[in-house]
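Please go over the structures that come below.
Paired with subunit B in one complex and with subunit C in the other, subunit A is shared by the two complexes that follow.
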Partner chain A sequence: MHTHSSIRTLDELQEILHGAMQLEHATIPPYLTALYSIIPGVNQDAAQVLRVIVVEEMLHLTIAANVLNAVGGTPDLTRPDFVASYPAYLPDGETDFEVGIQAFGREALTTFLKIERPATRPERLKAGNPLLHRKIPPHKTMLGSHPSNKELHFYSIGEFYAAIVDGIRELEGRAQREGQTIFTGDRSRQVTSEYYYSGGGELFPVVDLKSAIDALELIIEQGEGDGGGIYDDDEHELAHYYRFDELVKGRYYLKGDKPGHPTGPQLQVDWDGAYPIKPNLKVAEISDGSELREATIAFNHRYGEFLKLLTLAYNGQPSLLLEAVPIMFEFRNMMLELIRNPLPGHPGLNGSPTYEIGRDAAGPCVACQAGAVA
Partner chain B sequence: MSNRVEAFLGLSAELTAFSRFDLLGTGLAERYLGTLDTVVGGEITDMLLAAFVALPPPEDGTRAQALRATILGSELLGDVARALIKLWYSGTWFELPYAWTQRFGPKSADATFVVSPDAYIEGLLWKAIGAHPAGAKAPGYGSWAYPPKIPTFPGSPTSKPDAVSVHPQNAGIMS
Partner chain C sequence: MLFPSESALRADPQAVAGSSDYDIVIVGSGISGAIIAKQAAEAGKRVLVLEAGTGVNRSLVGYDDLLTTFYSAATKDNQSPFPVNANAAMPRSPQLRKLQAGETDSSTYIVQSGPYVSDTTYTRIFGGTTMHWEAKTPRMLRSDFKSRTNFGQGLDWPLSFEEIEEDYRLAEQEIGVSADVEDQSYLGQTFPDDYVFPMRGLPLSYLDQQVNNGIDGTSVDLYGQIYPLKVRPYPQARNGIPNPAYDGGRGYRPIGAVDTHQVEEGGRCQGNTNCVPLCPVQARYHSGKTLAKAFRIRGKSGQSLVELLPQAVASKVVIDPDSGKVVALEVKVYNDSASPAHETITVKGKVFVLAAGAIETARLMLSSGLRSTSGLVGRNLMDHAYLLNWALMPQICGTMRGTSSTGGIVDLRDGPFREKQAAFAIDIHNDGWGWATGAPTSDLLELVDDRNLYGADLRRGLIDRISRQLLLAVMLEVLPVESNRITVDPQFTDALGNMRPILSFTVPEYTMRGAAYARQFSRTVFARLGAQDHTSYAPSDFGYVAYEGQGYAIRGGNHLAGTHIMGTTKTNSVVDRNQRSWDHENLYLVGGGSMPTIGTANVTLTLAAMCFRSGRDILKYLH
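On to the complex of A and B.
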């Protein structure tokens, strides 16, 4: 049932890099929603951690686009399946785990830790790096799929990125032996630091094998740390996994700390200090004609426009990223309003962005018609 | 949501011209109702809410006039309603006028104060003028190149152009 996981053609490489963009983007809605669900005045440490991480995920998305552009691809964030349908699924060894839209809290943190620490394959299963068969139904989003067969997915996000790195080495090696290169992309399509400020790391142009590998390693290290250490390669930054771990442990890491044993100052987390949003809310669950429903649809629409703008920015107009910045702040304000509004017919639960991009033309509120709304 | 909060939201929406969604979106509705209870007391607050609930229905042409007559024109409730409008717009409770205190007696908590740090940030005035509160809700580098986004209120003559769509490079994309 397993098949070989290697990337063998340039088409496959471009497609899996699209998959990497989709994967990096897929973490942004859950992190952002958790961040904006935090009630003002509490959980400032947690808000700061989430903010830093979500900004780095945006950097990773842009890095993946740079690598795709470098190998002659055409980033497209407007593909119908680009934005995950939540809850989406990430591979985690033999079991998949759900990544959903939910409020900040212990459950959200458990998921975030899983996102940032990919599973390690046991020694006995290492031979041949086989892929796994998809277990979740077709209409759900499975991240980390194989580019040529969506029925198969990688064992973990770690192996997904390892396959990309190996594929680039292999294809470039083959091209070089014929006096060619896979790095044929137009240099002007690279998004670099002048278009991207305070963005959680350096954005350098990807033009050859070395810069491509450096770029992908930055993504991997910011997530899970460098070779088991808690810091990234440059020892500047704590990896995402350990930032989330600080919240769980209630204590900051210091340089030299062992994984799982932070020794820095204590920090306070109020696990109930978030608005009680309904997890993985869909527009179809919000009563017809309510202002909340209209605002939820308006947010999705705006998010879709934003992805169109990003697509242009990643296709030769990097300066458009500067114009995208105010829209991201506008999202914050829109999301805060959704999250603070009670969800009609669901006492004790609040609204939430649904991120149904291109999918929110859903029909009338089914649950509401069933009499759920007084 | 309790009937009391419902009535408070209805009253506030009518007094501020912002929708219930906007008001709830500040996260401050219950806090502001609590501010009224603390400053002028539950009894006067309930009288204000009762006067609102007793207004003619929205489809009745006399509603706006009745609101002026029985709430804004009331010696007891008018100044409280005006202080409530200022509270929603600025996040600050403004001390009631001298004449009111002379007539109805001083209230110990009735002093000018900012309700909370987020009350300042969520003041409706910023939204009304398409700006952001100084020091908070930063709109991002370069956003000052775009015209402010002014919300349309019921009765506005025309809707304002969308702030971003007027930028020529984005024409058609960011509508």
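On to the complex of A and C.
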């Protein structure tokens, strides 16, 4: 049985990079849903914090695709398991935790902090196999597993990325010794800064070991911060964990602040200032024939089409990302429609996007089964 | 880029008053002041920027509050995001009314002394008028700098296009202009071989494309000369796709949002139609971005070299009668925009820069008793005259999508006809008839109140009406005329006791001849498009001007210029070619007010370019 944690073949590297894309994408539905669940006119600061983080997660997804393309892989966001089934499991030390689709609030924020938390391994676990063995219930998504054994999980997201970095170094070193390189990808498949920019990070082409490491370090630093510091190494950008911490503490961080002790201006959070959506809703729970059910299915379809478009964009047609922009506006509107309408038969609860992409959607689907049999 | 927390700091008025080591004191935080402040700080100079507005919008929360004000405003005019502040009042166009012959209307901030009533506006707030501008950034044409020589009209600049060309490129860099050289190389405009704009051009809207389909390949004949027609994209000060070929292949980094807590990083243009008056994602440039970079520059002691004192209204320029040099500014500092209570402080510095816009800078000079040797302070007031033409397209054109204007008909910006009549550029308005009729609100009211539509019929009715709307806004050249002017009078003062500007203006005949032609031209375009003309000008309109038996409603363009005109001697002008006052060697009057003519270019890019030139001259003066 496969028990080592390292990445030993190019196939494994490509597969774990797919896993990285899946992991980066997995944070987007929870963050987006929480963002759009906020009632207009309240939680201005929280909405902005969420917005900047979700935009950076989209950057990370694209960076992972760039690295995968650089090593000759083929990004595919249309794989049946690409979009996590929520709640999904993320590694967080010895215990995993669930990441679900829910409204903005204290509970959501607790989860978000866990997602971005820098997990450090206790002394007693430093020796031996860094992977943890876990059984995951069927039909559940466990993120951050080893590419060759889905039941073996990295201790933390940090170690998951560390394994990718080590694997790239190792495989490229080996290739170089044979006068070759693993960076055989077509340069024109790289998505560059023409298509994404914000103050926090930049897209650059991944073409060799150095640019690959730089790219992965950007993901790591923006998420967890760099080894305990609250800002990235340029001292400019606040890590996601501390952005969420600002909401918990009700105060902004300033440069020079110690983790957990922000000293900037106060900010207001209205913990009830969100629409009461039903957490981890599934299409099957929505009354047959209701408009909400139709709208939920329509959203899943549109989101699926969006992932198809992204797949094309990551496969040599980066300019398609411009066409993706109006679609993002479109599905924002579709999401708002779901979130702001009552869920039939569940008094006091609203609808929600279900992100059942490719699982379709409407529970047992007779036509699909018939098709599969035929 | 991310902005430092210094951006949100406010200087202490007492410390400012007690300080004697400012190298440069700048009045106004608009683009002119911002460029000079940043340039000076980069050279290690200590700068104080005085801003009349409250300055709350220099942080993201304050900026977003302006958006909220805009969203909830009943009338979405240019000033609707900006709360009323009697201590730093500004013109608000919905308040205007037509004047009787000889009448003066002092009920609005600008006292209208007529005969023409101008709805021109400027914004007295942190960021100045770049907080509401449309952000089109065409350069002036070569011939615009030599109107007198070429056409026997207007004035020649004391600068040639060649002398300002490099500063145009600096301004395009600072602003982050999105445009493609091939689209802008018309009417003899040239660019260095390797030049590209910082960002690629923004695409033409669907409406632009529909208009182009109807006119491309056709032409008009004017005084025997043939002018081909097509829709060309405008250069824009809004974030597009950075051009990797910029700066010799180093590329360009777009400027983000004003934000001190890293919660918003500034986006790319999303085509929001409400980008005038205020871009919801700060994709549109405003001078707060330049200032945020300036605030970041530190001196040897670690302190920020640029300080901002908001809520500070400059009220008097104090001159040493012997040397003619400026010794100080008197500044009224208020605590609360709801109360006129204030203290008056005196601010000292080595060089003083008045960058408060063409009307406020002239007002400050005149109310300080400084008319200049030439007597031209406040005179030669110019603003583009707009003539609106509106029609319904035969097909759905997607009106209301895209920023307010992405393309236009600009081939009549130049030609021998300028010996006889004004040149013009035409904007195609993606926001429909709004400027002319108040659409889409007016359409909604009519469909509901007059036609009793609701539900699906109402939705269909709105789409039929609004998405076929075409507005051609003709921007006409206005030349300098000394009697078009700003004056002051102690009987008209504001809440702080500062004298208010009085505006006297007659739309020049040269412009009206152009307007009459532009009306015919618009009809020709509508006919070629199969569009149904709905244009009408009411004699009761405040901007109604009769010309050769026809009436036209003329609108202001908010492209104010000329009030401290630039020239070759102290008798023919107020400032020299570096915008330095002829009479006061340590005083610079910068911005549109220095421009001797404005051609058919929105003024901001040109005045930004001029400020780079002045910035260098100020540094030379200080050394």
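Quick notes on this structure:
One rule holds in what follows: the second predicted complex is superposed on the first by the 352 of 374 C-alpha atoms of A that agree within 3 Å, B and C clash if a C-alpha of one lies under 4 Å from a C-alpha of the other, contacts with A are read in each partner's own complex, and residues count from 1 in each chain.
The rule we apply is simple: a residue touches a chain if its C-beta (ideal position, glycine included) is under 8 Å from a C-beta of that chain, and two chains touch if they have at least 3 such contacts.
Note that this is a predicted model, so its numbers are computed, not measured.
In the superposition on chain A, contact of A:337 is made with subunit B only, not with subunit C. In the superposed model, A:49 makes contact with subunit C only, not with subunit B. Of the two partner chains placed by the overlay, neither subunit B nor subunit C lies in contact with A:173. Within the superposed three-chain model, A:325 lies in touch with subunit B and with subunit C [touch as defined at top].
Looking at the shared chain after the overlay, A:237 reaches subunit C, while subunit B stays out of its contact range. Residues common to the contacts of subunit A with subunit B and with subunit C across the two structures: 41, 197, 322, 325, 329. Across the interface of their complex, subunit B is touched by residues 39-41, 197, 275, 291-292, 295, 305, 308-309, 312, 320, 322-323, 325-330, 332-333, 336-338, 340-342 of subunit A. The residues of subunit C lying in touch with subunit A in their complex are 1-2, 5, 60-61, 64, 68, 200, 241-242, 244, 251, 253-254, 256-257, 261-268, 270. Every residue of subunit B that touches subunit A in the complex is listed here, in rising order: 1, 19-22, 24-27, 116-118, 121, 137-143, 146, 164, 167, 169-170, 173-175. Across the complex, subunit A meets subunit C through its residues 41, 44-45, 48-49, 51-52, 55, 192-195, 197-200, 202, 236-238, 243, 246, 252, 254-255, 264-265, 267, 322, 325, 329.
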